[in-house]
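The structures considered in this document are given below.
Across the two complexes that follow, subunit A remains constant while its partner is subunit B and subsequently subunit C.
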Partner chain A sequence: MAEAVIRDDTAQDLPTNRARRSRRQYAAPPFLSIWAVIGGAAVIVLIGAYPYYGSSAYVLSLLGKFLCFAIFALSIDLIWGFAGILSLGQAVYFGIGAYVVALSLKLNYALDHPTRYGGKIPDFMEWNSLTAVPDWMMPLYSYSVAITIALIFPTILAFLFGVITFKRHIYGVYCAVITLAESLILQEFIIEYQGYTGGFNGITDYSNYATPGFLWFILFLVVVFFIVARALTHSRVGTVLKSIRDNDVRAEFMGYNVANYRIFVFCVSAFMAAAAGALYAAWVGIISFLDAGPVFSIEGVIWTAVGGRGTLIGPFVGAFLVKGAEFFLSGALAQWWQIIVGGLFIFVVLVLRDGIVGSIGNWLRARKKKATLHQVVEESDRKAHDLQREWRPAGEPETDGSI
Partner chain B sequence: MLQSIITQFFSGFSVVAILIIAAVGLAVIFGVAGVINMAHGEMIMVGAYTAAIVGKLGGNTLLAIPVAFVVVGLLGLAIERGIIQWIYDRPLETLLATWGVGIILQTVIKLIFGPELYYVGAPKILEGGFRVIGRLPFPYYRLFLIVVAILLLLLVYYVIFKTDFGLKVRAVRRNRVISGCLGIDTARIDMLIFIFGSGLAGVAGAVLAPIKSVSTTMGFPYAVDSYMVLVLGGVGSLWGVLTGGALIGETETILSFVFNNVIGKLLVFLFIVIAIRIVPRGIFGYYERR
Partner chain C sequence: MPDLLEIKSLTTRVSGFTILNNLDFSIEENELRVLLGPNGAGKTTLISMITGQFRPTSGSIHFAGRDITGWAPDDIFQAGISRKFQVPNMYETLSVFDNIMVSLQGRRRVLATIFQKLTSEERDRIWDILEFVELANKASDPADTLSHGERQWLELGMLIASNPKLLLLDEPTTGMTEEGKYKTAELITKIAKIHTVLLVEHDMHIVRQIGKRITVLHQGQLLAEGPISEVMNNETVRRVYLGKGKFQ
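So, the complex of A and B:
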């Protein structure tokens, strides 16, 4: 076993070399590079300290929103950038998480704030001539139950979806189309059953938590999710996932259970999206059917693509840039904003194929290796990059400038 | 109850026809050219607006059909030359790019025509209707839709299987490199087939305009329905379009009647998911050797 690991006829077969290789040591990059830690800490401090140096409640609410969007984009990046599953229905999980939490908050809010007619039920229920909260909604009065449902139910849904589709090698276009239909149906469901969901108006007017304390909580969860994602993609599982993304047939022939890996990462991603939705609902205090619809799903995909899929910083950069631009430009360019978004889709696909972070990464690598940008892009046959892709056996000599 | 279900079954024919009309263009673009065209709904929408303009100028649906074919065909030409031709080898990214095209089309049309709805009347000879079973009247226009659906399927069959162009298209689809070696201009074939599919989407818009108010967001549900038809029936097969459309249309009509619209859609969706679990590439799917 030990001898059969790597055979390289061209290399000098020195005994030391052989011994090193047989132990299968790989020069894996550090879990987080020092620059990532410093830069990340700077950004966290910059965002987290906003309540101290800034006074605008509007900007504060935007920061919380963007952080939730960033988690959502990260969940898309996990499945799309690292496992090659393009889901156009990720907002389903975001939306369910958001709706469960919003319903729970609204129910409790209605206890203290009776409606105009004196009922202690949410106002949208009264408008739809419900006289009491339905029995199956009772558990949502407890926050802990609501949060558990908001996180677990989408994960179970994702698991069922994964079992049905991935086990039968349904992915790529088929997966994209089915998830798209899934979110369209959820949207229609929410609109139709307005007695329970608020319909077109969504759920509004409940006590939300747009406080600095909650911002720090969201920030903390962002860091946790980032580290989880880093650990996942940096591990053996992550390597297998990337091999599935690059060539699923070959991965299957090598003996990996491709479907199970896909289901696993899909569930993790759904959990993250649900958490983002739950945080979002508690932060902004208004949830509508649009937050569960296909348009929002694809928005998340474009944030990931702009930032750079296959990188973990990309989703954050993309969400902040695109969403930030929307908030600051759509006032001035209301009519033209949609055209800019459409153009962004085309631009990312045609020109900026690796996204912002990916392109910068390419450029840095090209400098380091003294190669042209083109060579670097060619080298990794995928557009999605991560520094950790550069695994090489410990005994391998340094590259001599050529790739 | 049973009689009303039978009535629903007959009125389901027109739903099936609508699905097929909407899906035929996509069957050509997605099934033959291999482009995941998310702007399909918006192409239908542009076709419908073309019909609205033709109607304003005094024409009727029968005149609007060829006009819409040309207008949306030209639009398809622009999209193919401008964007799609660079990304044929990355199908999932054609999805993103064409989604962007769809957003742009929606916004531009809204800027030009304003947010209000347009209504297109059916041609005079197709007004009125007759009674089949029970009391539900069956409008002539629905009959017209069924005829159009059949004609469109026959047209695509003829173009793909009986013409020289279709032969080249099938050759390119089977083996692009060898076809190129044999002297077929594959890039030109790609372009023409995309134009043909876009034109069919335009025809769908023109035909469907009288049964629905014309707005900028009318297309998206049609696009999703079309994708569902293709996924169930099998991509790249005309029998698939017919079968998928028939199954989805009939199930949805009857289930929507028994329960309600949304439950009907949900059940149809579950039905499709279960169906493709059994036949992953659709009922008439084409299993390629890799």
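So, the complex of A and C:
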């Protein structure tokens, strides 16, 4: 096997000058552009400092919520935008993370706040005629154990799901339908086993952490997850994932085990969604079966689509815009809101295919390209003018440069 | 020269139709072999069998001394076989540069690719290949902005990047202009100096231009094999495939 493809005899007749120039011109995009860092820092400070300049507790609680939703949307973007896996059940991982943390908080809360009948168990257990916390739930008294389970269990579940579907080449629409069913099953499960999950009422009344300090903690994790996602999509593995998204058959015949890559990114995404759920449960202090259901999953997909899938800022923009609009408009347009969101989704799919952020990016790139095209025309113009000067008969007046 | 690829009594049946019938076929190392045959002769099926897209009904495929029958496509790639599809098949939204980068010979496992950095040798090799297939000045363009001919060449570049022992080219000149076809044939001749190539081709001009050993398939069976002049003058071949003196 020869190491170099180009032997000397072939290299000679190549347009090497042109190639050298393009070698210089082509540079990989930076890990984070300076403007992204400045803009990101400004937004983080603006959100994190809200408790010091703003007074509305409502807005504060919304900010924390939206940040959790943004991480959730980022997890969807990672599999949908970068690996082409459309999951309509991402809320399964969000929901499990949220429920485990909420249960843990509720159990500890019940120790200090006995129910009406003096029991030191969560009230919903008592309503369902349980007299003691079941043994298998005991480890959840420890916060560290609960957080570990909240993060690891959904990841393992995602791994098993990936092995079952991706290894069998189940992909695309079929995968979307299976994930949708998955989240329906979890929702039914939560409602059915209400003695352990609170059923329809969800888990409420526990000490949550809606403090400015916790907001900074959420912001910190947002930054961490953003950087992880950026590192992942910016590295070789990210390029491979994108190539699998574009053409999985070609990638397979190029020696990539497509299923393993899909499982990998699906697990990372589930971990992120679970972390978002855990933060959410700790922040808002109420969790219900809806947070694990298909509607919430699809909402996440809509945020990602509106913001711009395949971009990392898109999910944040989408979650804040759509969810923000919902909180401020749904009071006035309560019965119309679902229809408006649905219409927005259709609009984005039909007109703004790359979402808000993606479309802005396309526009900027197109503008840049136009500029370089302009330079090329100018350069060739000048060259032609120089040539003209060479063969111009002596005594002829020079033109002004235009041809 | 030892046989690089050896196919023994390969039979493929799909829902009752026999596509390949007891086919024996082999390629020597460093050979450039042209595979001819009318539509439905089983040329593309043969390539799909070799690359593991489909499993044969019976028979065996040996490559570089190993039995690769029934292996998964990515394992067969690891063994050293790369395939060019009939329709250009690449990663549409990736840049031309990234298309080559993803195809570079190297580790393919998930964990290995997470921390893999592009070395300067790899970068040079990518540029060498881009220059070889004359796409260096389009390195940063997304692949879906390329013209059809350029896409065919990009895929050839991707195959070269993977540095295979055996290259399977399934009609790489489909949909090209005459000039493009001629240049592609030249490119293939250059590639064949380093790699073993199995070329499926319809166009007799290109077959003549390349002019090496030819294998003719007909209805899933081996019809003739030999140097170009011999095969062209074979009566059976002319009757089933070339027509009555059409190419003389």
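Assume the second predicted complex is superposed on the first by the 344 of 403 C-alpha atoms of A that agree within 3 Å, B and C clash if a C-alpha of one lies under 4 Å from a C-alpha of the other, contacts with A are read in each partner's own complex, and residues count from 1 in each chain.
The rule we apply is simple: a contact is a pair of C-beta atoms (placed from the backbone, for glycine too) under 8 Å apart; a residue touches a chain by one contact, two chains touch by 3 or more.
Quantities reported herein were computed from a predicted structural model and do not represent experimental measurements.
In the overlay built on the shared chain, the residue A:F328 is in contact with neither subunit B nor subunit C. When both complexes are overlaid on chain A, the residue A:V249 reaches subunit B and subunit C alike.
When both complexes are overlaid on chain A, the residue A:E192 reaches subunit B alone and has no touch with subunit C.
Of the two partner chains placed by the overlay, only subunit B lies in contact with A:A305; subunit C stays clear of it.
After overlaying the two complexes on the shared chain, residue contacts for A:S235 are found with subunit C alone; subunit B is out of touch. Of the two partner chains placed around the shared chain by superposition, subunit C is the only one that A:Y261 touches, whereas subunit B remains out of contact. 249 are the residues of subunit A that lie in the contact sets of both subunit B and subunit C, per the superposition on chain A. Of all residues in subunit B, only 36, 83, 86-87, 90-97, 99-104, 106-108, 111, 220-221, 224, 227-228, 231, 260-262, 265-266, 269, 272-274, 276-277, 280, 290 touch subunit A in the complex they form.
Listing the residues of subunit C that touch subunit A in their complex gives 51, 72-74, 77-78, 82-83, 85, 89-94, 97-99, 101-103, 108-110, 113-118, 125, 127-132, 134, 136-137, 139-140, 158, 160, 162-163, 165, 190-191, 193-194.
On the side of subunit A, the complex with subunit B involves touching residues 86, 164-165, 167-170, 172-174, 176-178, 180-182, 184-185, 188-189, 192-193, 249, 294, 298, 301-302, 305, 335-336, 338-339, 341-346, 348-350. Interface residues of subunit A, counted against subunit C in their complex, comprise 1-2, 4-7, 10-11, 14-16, 18-19, 21-23, 25-26, 28, 232, 235-237, 239-240, 242-243, 245-247, 249-258, 260-261, 264.
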